[in-house]
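Each of the next two complexes has subunit A plus one more chain, namely subunit B in the first and subunit C in the second.
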Partner chain A sequence: MTAQMLVQIPLLLMAGILLVPVIPTRLRARAARWDQGGVSGLVLATLAMAFWMLPRSLDASTTDPLVALAKFLTVPLLIGLPLAFSWPRAGFIVRGVFLTEFVATFFRLGWLYRVSPIRLCNNYGLGDQQRLGNYMLWIGGGLLAWLALKLLAGNFKSLSPSSSPGAPG
Partner chain B sequence: MMTTSDHMSAPTAVLRTVVLTVGLLLVGVAGLGVATDGFHAFTTETARRVAVHRNPPAVPATVPLVNQDGVHFTLADLQGKWVLVDFVYTRCMTICTVLGADFAQLERELAEPIAQDRIQLLSISFDLARDTPAELASYLTRFRGAGPGWQAAIPLTDDGLARLEDAFGITVIPDKMGGYTHNAAIHLVDPTGRLVDIFDLGQRDQVRAALQRELAS
Partner chain C sequence: MSILYPQNEMLESRERMVLNLYLVTSLVLFLVMMVLGLLMRLAQGAWMDMSPTLFYQVMTAHGAGMVGTAALASSAVMWFFLRKYVPLKTSIFLANYVLFMIGAVLLLVAIFIGKFAGAWTFLYPLPVQSLGVWSVGSAVLFMVGFLIIGVGFLLFYLDAMRGVIRVYGNLGRGLGLQWLFSGTVDPDHPKTVVASTMVIIVNSLGILGGAVVIVMSLINAYDPEIALNALFAKNLIYFFGHVFINITIYMAVIGVYELLPRYTGRRWGMSRPFLWAWAASTLMVMIVYPHHLLMDFAMPRWMAVTGQVISYTSGLPVFTVTAYGALTNIHRSRMRWRIPAMLLILSMFGWAAGIVPAIIDATISVNHVMHNTLWVPGHFHFYLLLGVLPMQFAFMYHLIGRDTDRSVSRSDRLGFWMYLSGGLAFVFMFLAGGHASVPRRWATHFPGWQVYDQVASLSAALVIVALSLFTVRICLGLMHTPSSAEPAPAGD
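On to the complex of A and B.
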């Protein structure tokens, strides 16, 4: 469970980020006309992330090869790619909202996994779930600290559209 | 390449983005609704309960089983009775003990319909490597005296076990101490051999109520 959520899915997401330059410039320019302020792409990525956060989706991807295939395709294409594509266009507020939600999700799920007395996935043990919960709280805390430092240091540049097209988290 | 036309098309881009975003949200939320059975089943455990309520699957009737007395039988032999099924392994000291206690209690509470041969309790072991009829017999005696109302059984083949696990929705994963972690529930199979309901541990009252309702009707 830890390996799937904190190693496999992030790696798939990164694969999607790396795909951006592969898309022809003209196609990217056309898509950008439907993505004012990066909103469409971030909404698409958020919805796809919500799906892959469902315990039953994770469960199914370990037992059903078709669901596994869907994961290998959709995490790069519907999460990583749109994130990296839309992030450079996103303004300060859009980025702020997205990052806050991103951090909050680590805390919510981490806390749930830590305290839940029942297993949320049939394919993973309770110990694994609790360990994942702890890691997620640490990651959420780390991201929050990084974000707070950035804001305190007044270094807004990397949080506004003019900076390099990096991906969040 | 910021040209004049780009600036002029900005309102159009906003409009397009709004349309696309609303579309994505509609499709996405509908998709999540489908994926969670109407925002109801977020885990596999809930999902399999929803699925059997919606469309009770037939349980594999021909899988060869052997019981605690060494008698060979299949689930087809139990048709005509209501069958309560749980999945255990006899070395299990945690969740199967709770299931065993639940079954022991149910066997006492349902003594009358059991005596009338209308209800059967069946514990199926998934530990093909270790469990034998003798182990099953001692598992049963750990909870109660001998009686025909509650049988324990092991599938004779790995394939048979896989078919049962698949039909009932049982996932078994080895733990690091030589045991297993598995989802535990009480499964209700109707007299025609369909899995019609799944109950959580501790829902003994609901199991009894459901059976009494069915037997009365």
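On to the complex of A and C.
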């Protein structure tokens, strides 16, 4: 369970991100018309992620080759690719909402996996589930700390100060 | 240029419309919630019949409504002044309002139709263990309402965060952290930006904590087998809840920094102690919440001790620099004693006096006997009724004023003194009740306790009359008087 959620799915997602440069420019321009502010792509990625967070989806992907194939296709194409495509187009607020929910999801799932008295996936043991819960809490905490540090002391090149009122010298 | 109504505070018609929505809604909600509060005190004083079930519904609506409305009105103060220094989107400000209203409707439906009466703190597992008084669906609706309101405020803070980062580079620079130890403090660095940055940081984290515990409570509501650790859930709820209500004063105090110097005619400069105070409070406001859990014997001892120590110091830095700054600003200043100035001074008194009962209650040995008494409502009503709300009313009165105003009208003066005397009598009845060990959150009171409730009812009625005067005056003013968008010909 830990390997599938924290290793396999993220690697598949990375594969989708790496696909962006090979998408023809014309196709990207057409898709961009349907992706104002990156919202459509991020919503698509979120819905696909929600599906692959369901325990029965994870279960089925380990026992049914067709579902496994669906996972190998949809995680890169419906999560990684739209994420990479839409992220640069998303504004600060859309990114903020996405990241807040992303961090909150790590905390919620981590907490859920730790306290659930039953196995949520039939193919994995309770120990694995609780270990995954611990890892997710740590990852959520790490992400939050990184975000806090970035916001407190980081550089934000995309938010140009020149176009704003009263910029300090 | 007008001193009271500077040009850079002009509102476009759309901005004014959205701001007016915030202000009118806040005033009406405050009035409705105060009437609910009065009904509770009347019922406790045996001057009115109210079933305990209805009492707890009213208590839940009063708590949730007052916390939400205080935050709504304070966010209007923050938005109005912060937009002078950083770019803010009116559409996001409007989105916060719309989401707030949707959430408020869900809360009211959950309470008055679904009969949810688990208090605004929705402490696990009470929402799902109602002994048949309300359904799980009602509890879910209530929590979803909170979730939606939280999303609205998160959008508002993200927009403010974007604005601060765009102008100052990052939140640390907005907070002035670069000047804590060395360097020359920029005397023109706006206090509004410092306060807003603190609010953005603290309340975004608070909302994140709330979003986690609410969704986990929702999972538990539909799958009771997933039992949560009640103490951990309570920690998260109070982290979110305490931060959310505490931050209303830190948003509203921006009005003091912006308006008081205009009425005194004196500059209120930036200083290193001011920056230190806000930096310290940024941290302390987040870790002070354990003072709500001092009676939970299972809490780690170090957390309880931290709760006590930080409670003594949490509000102190910002309060000290604000109160000291305000007093030196006023001293021999030829203050223009108009109604906004009077309300600002009242708010400083309410803030100062309102934190004293809290500090007393945060002492562990005192807390064990006082925390479940009316002493605690005495504290937060003092702090909110005579601290936060007067800051918000001062801002509203300022908006409808003109440079040419020379005196305070008789009705405003009457309203002010009624509000002050009624408010003081009302909160002292809570504190006296607490001193006499009257428990809080009890629908029915013994005859010996009812004198406090009866005096409080009369006082609350006085406050409601005063607020009605304020509401009529401010609403008419917002409709008929050119606000800061069209400054009247300068009279100074």
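Criterion: the second predicted complex is superposed on the first by the 154 of 169 C-alpha atoms of A that agree within 3 Å, B and C clash if a C-alpha of one lies under 4 Å from a C-alpha of the other, contacts with A are read in each partner's own complex, and residues count from 1 in each chain.
Here is the rule we go by: a residue touches a chain if its C-beta (ideal position, glycine included) is under 8 Å from a C-beta of that chain, and two chains touch if they have at least 3 such contacts.
Because the structure is a prediction, the values reported are computed rather than measured.
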item: Partner chain in contact with A:Leu54 - subunit B first, subunit C second, else both or neither; value: first
item: Contacts of A:Trp34 with subunit B and subunit C, given as first, second, both or neither; value: first
item: Touched partner set for A:Asn122, first subunit B, second subunit C, both or neither; value: first
item: Which of subunit B and subunit C A:Leu44 touches, first, second, both or neither; value: first
item: Touched partner set for A:Ala153, first subunit B, second subunit C, both or neither; value: second
item: Which of subunit B and subunit C A:Ile17 touches, first, second, both or neither; value: neither
item: Where subunit A meets both subunit C and subunit B, residue numbers; value: 118
item: Of all residues in subunit B, those that touch subunit A in their complex; value: 9-10, 12-14, 16-17, 20-21, 24-25, 28-29, 31-32, 35-36, 41-47, 171, 173, 175, 181, 183
item: For the subunit A and subunit B complex, residues of the former touching the latter; value: 33-37, 39-40, 43-44, 47-48, 50-51, 54-57, 59-60, 63, 118-126
item: Subunit A-facing residues of subunit C, complex; value: 84-87, 92, 151, 154-155, 158-159, 161-163, 165-172, 177, 186, 189, 201, 204, 208, 211-212, 215-216, 219, 225-229
item: Sites on subunit A touched by subunit C in the complex; value: 91-93, 96-97, 100-101, 103-104, 107-108, 111-112, 115-118, 144, 148, 151-156, 159-161, 163-168
